[in-house]
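Next up: some structures, all given as structure tokens.
Two complexes follow with subunit A in common, the first pairing it with subunit B and the second with subunit C.
After this line comes the complex of A and B, so read on.
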């Protein structure tokens, strides 16, 4: 009895020692950081110093500011546009990967699409700047055939190029994974029933891959919504997005509480979007037989 | 059937075009890092390595590189260690609140890095841990730990559960079974996780930008250079950064797919 007791105690020591480091670390430095962000949003700034307080001032100031509301709507629209563009551009690619490419090509392409996420997004954005400026590579090429220069920086086009750099690979990958899981027998059945190629894509393949396609678009939205590099460096901060406002509030002043308000608004928006998208992705499937 | 082949070819061409879009910025940075001209344009100004020389001669870049190496090394070791313990817990135990447990690990990478940066700055600044290299290390562990955990968990799911139980039956303590069965089996994934978390930390600019204060890391230095002016030095550093991170990711992939040396079919666990 005594011996098993001791063994049990040692065993639970073992379990705790392995189970606890992660939750302790994440609670101390991640959960606490988010919670403190909530607390900070009620503090005030006095003589350029952040002071503990309990005031709704920051919330009221930010939410009643016209520029904040305009920027909020703009950021949402930008992210929506980016998610739509990425989904449309990615689909033929994912479709080709799932149904036309050889296994070797699939492996090479999938590996090449993962790789960019572990390289510097900053440097890639800088490269686009080189490619897109008035004296840049693309405009020089256009110039030799008598076109241009087309304005391709500091505008919506440049911002979208930046967003796509960030999101296109993951959208292709997620779409590909969902298309690869579509039951091939369904497609064959459709063909046997003389359903044309294009009709099969829209009436058989897209509906069965719907969850993954929505998931991909959601990821695209989330990543673009929270991106700072593209609107800042490729869009030149004009017009700003929420991330630009937030960085300004922190870096060029001690308006940390207001930055906290913007940050929390963004987190709430992302949670809402994720929730709606999941409902949309899984919800209607259940209704169908 | 001819139409089928043409369609198939068209799709493949489209895929390569998409890859070109993904890799164009990476190639651009390489090509223009060797361009003698200050302003990157066509025609190319001739081959030159002067931007590399300038980048290496810049004391601020050298300092930030040193900081990055320290941060990447420390945070990858910590993240892999903590990631391993969490992956093993997930593999072996079922308990109340396990979904919360897993969410705690995997939520940080889904939050935009800029927001994480602000949140970390606010917290670490308040408790007096901001503006130091260890602030960046702490934050990078939070952010990169799930990558390590996922890789090691994947490896553990390939393991035969009876093996560890057999070791216990033969009288090995839990610690000993962990040391002699689990860790050797996970070794490829552990190394792979080390490389991957290093790559994540090596390129992370946003959190580091907020919490590093004057102890900039290399990505933060790049960010500051980008904000200031057109500087071909960025292409030179960028190309080096690309090479380092790609090497790390490829090493992670190779090591992860490697079988343990000398394991024939019979010996495989």
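After this line comes the complex of A and C, so read on.
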């Protein structure tokens, strides 16, 4: 072996050493954890103690329980609603940012969209309580004019507020980035072919930004679907979502194996949703012969 | 003459920091093929965009069939444009692209296809109707862009350097096809280009622009043979410019004293020249007769051949006149052959006074 070969080998070893920690971390704390979750879903709980076992009991119990099925459908629908609401609310803002705002304005708004993430989402969701509870700011003001109190916590409204707090800034940012990449010349071409302003949004801008818009909505769905903060702190577990169910299973009776079943169901659901969304986002392009 | 189809009446376009178009007056007749030609940054594309309504004139008026267009939105005009970038919709099939203009007029789907298909056939892309546009070659995409613009049967078609992205051999073919198409349809083509060969090959009239101003408007031959000013003379074709001072004028011939000797030029009464006026004598490269006999007296120069551009039947010789200037002479290959190997050789140039054009210097 000559000198250069040795040097090459040393530098490739060095590259490996730098690259390895991440795969190791992922293997230990994600892949291994996931596998452990699968294993644990077949264990049983005896006298409030998790015991290694091989039983389909947990799967049967959870899947035959009416409350699980209702909660599953509810969680999917909530996440869908949150993704739809966020996409609709975000679009005019992202559109304005991409096509109307001055460069300075754009920088200010983008910064202000990143800023919420300086503070933990847990804190932000909790601070909504100051506004929303029966004794909160809004109901106090309403009370002085003889109205209310309006129920704004422990319901769908509260959960949606929480979800939107989590996802809206990121949905706006993702939509903005995809709209900013839309070829302006296509917009002019549409105008030139008698396509008015509003029609151009639907005929040219949305189809051009399609991939990014779908990815933004998918992100919103994934974040909402797995969120525990909003349904528990703002929704007060009423009505519960899958994350609430999962935590409940652990808290009341140490049902770790049943929580594992719920968790695995959620992982499978998200994988399916991500797969479908990718197909939908890139589908048109894949049809190429 | 009937009312022209399109009138630009003192049109000015100013931006914050510069003026792109200074007061343009231009009339475009129905059914004519006009080329707006000039170097990049001359304002030709801005002018075209104002006709399409994508830019608003700062001053002046644009009239289409006598109707003031200044405040008409681009989507309320019938001035389809074929873009330099083509600007085809990548998320639509070829057919959907071509149908787009019809869809915007709310024509039902079945009728749209019925109207679009003959255009696809006409430009020879019918077999690609269901393909995505990024699966087509440059030439095919060009045809989609043409069909998309023509499908609504406009009176005027605007073209912004549509051939600039194509291979040279395709450009020649598309030029012939475009000209033929324009004649068959009998509609107005307003064609922006920086290429003289493109403009001259197709246009009935060319409008030459520089620095936001119209320099000369006329049929290609007229512009070529009688350039109106130095800019046009230098921009079109291979003209040689000799500066000098008027010495005398007699019997339709102007004697001009230049650095290279006395030149006799055909008088242009419109210039109303007086002795000692500063003028430029323009000698077209194809008007100079090249020989290896010595230069003799007036309208004659000699120079050393420093370059030779051979394009098939034609050759352009670059001759160094000895004072740093070069003279271009164009001749047929067969006329050059008797002279043998010419590079480095000293040759003489000769031309007739009636083959010159005189320009008055400002």
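Here is the rule we use: the second predicted complex is superposed on the first by the 261 of 289 C-alpha atoms of A that agree within 3 Å, B and C clash if a C-alpha of one lies under 4 Å from a C-alpha of the other, contacts with A are read in each partner's own complex, and residues count from 1 in each chain.
By definition in this document, a contact is a pair of C-beta atoms (placed from the backbone, for glycine too) under 8 Å apart; a residue touches a chain by one contact, two chains touch by 3 or more.
Just so it is clear, the model here is predicted, and its values are computed rather than measured.
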_Partner chain(s) touched by A:49 [first = subunit B, second = subunit C, both, neither]_ = neither
*Would you check which partner chain A:204 touches, where first means subunit B only, second means subunit C only, and both and neither mean what they say?*
second
_Once chain A of both complexes is superposed, is A:18 in touch with subunit B (first), subunit C (second), both, or neither?_
first
_Contacts for A:260 in the overlay, against subunit B (first) and subunit C (second): which applies, first, second, both or neither?_
first
*In the superposed model, does subunit B or subunit C contact more residues of subunit A?*
B
*So, does A:130 touch the first partner subunit B, the second partner subunit C, both, or neither?*
first
*asked:* Applying the document's definition of touch, where does A:195 land relative to subunit B and subunit C: first, second, both, or neither?
replied: second
*Overlap of the subunit B and subunit C footprints on subunit A, residue-wise?*
197
*Given the complex with subunit A, which residues does subunit C contribute to the contact?*
52, 54, 73-81, 83, 85, 87-92, 100-101, 104-105, 132, 135, 148-149, 152
*Residue numbers on subunit A that touch subunit B, as the complex places them*: 10-11, 14-15, 17-19, 21-23, 25-27, 29-34, 36-37, 40, 89-90, 92-93, 95-97, 99-101, 105, 109, 111-116, 118-128, 130-131, 135-137, 140-141, 164-165, 168-169, 172, 197, 222-223, 225-228, 233, 243, 246-247, 250, 256, 259-260, 263, 266-267, 270
*Over in the complex, which subunit A residues touch subunit C? Could you list them?*
183, 185-186, 188-197, 199, 203-204, 207-208, 210, 284, 288
*subunit B - residues contacting subunit A, complex*: 7-8, 11-12, 14-15, 18-19, 21-26, 28-29, 32, 39-42, 81-83, 85-86, 88-89, 93, 101, 104-105, 107-108, 110-116, 118-124, 126, 138-139, 141-142, 145, 149, 173-175, 178, 196, 199-200, 203, 205-206, 210, 219, 222-223, 226-227, 234-235, 237-238, 241-242, 245-246, 248-249, 253
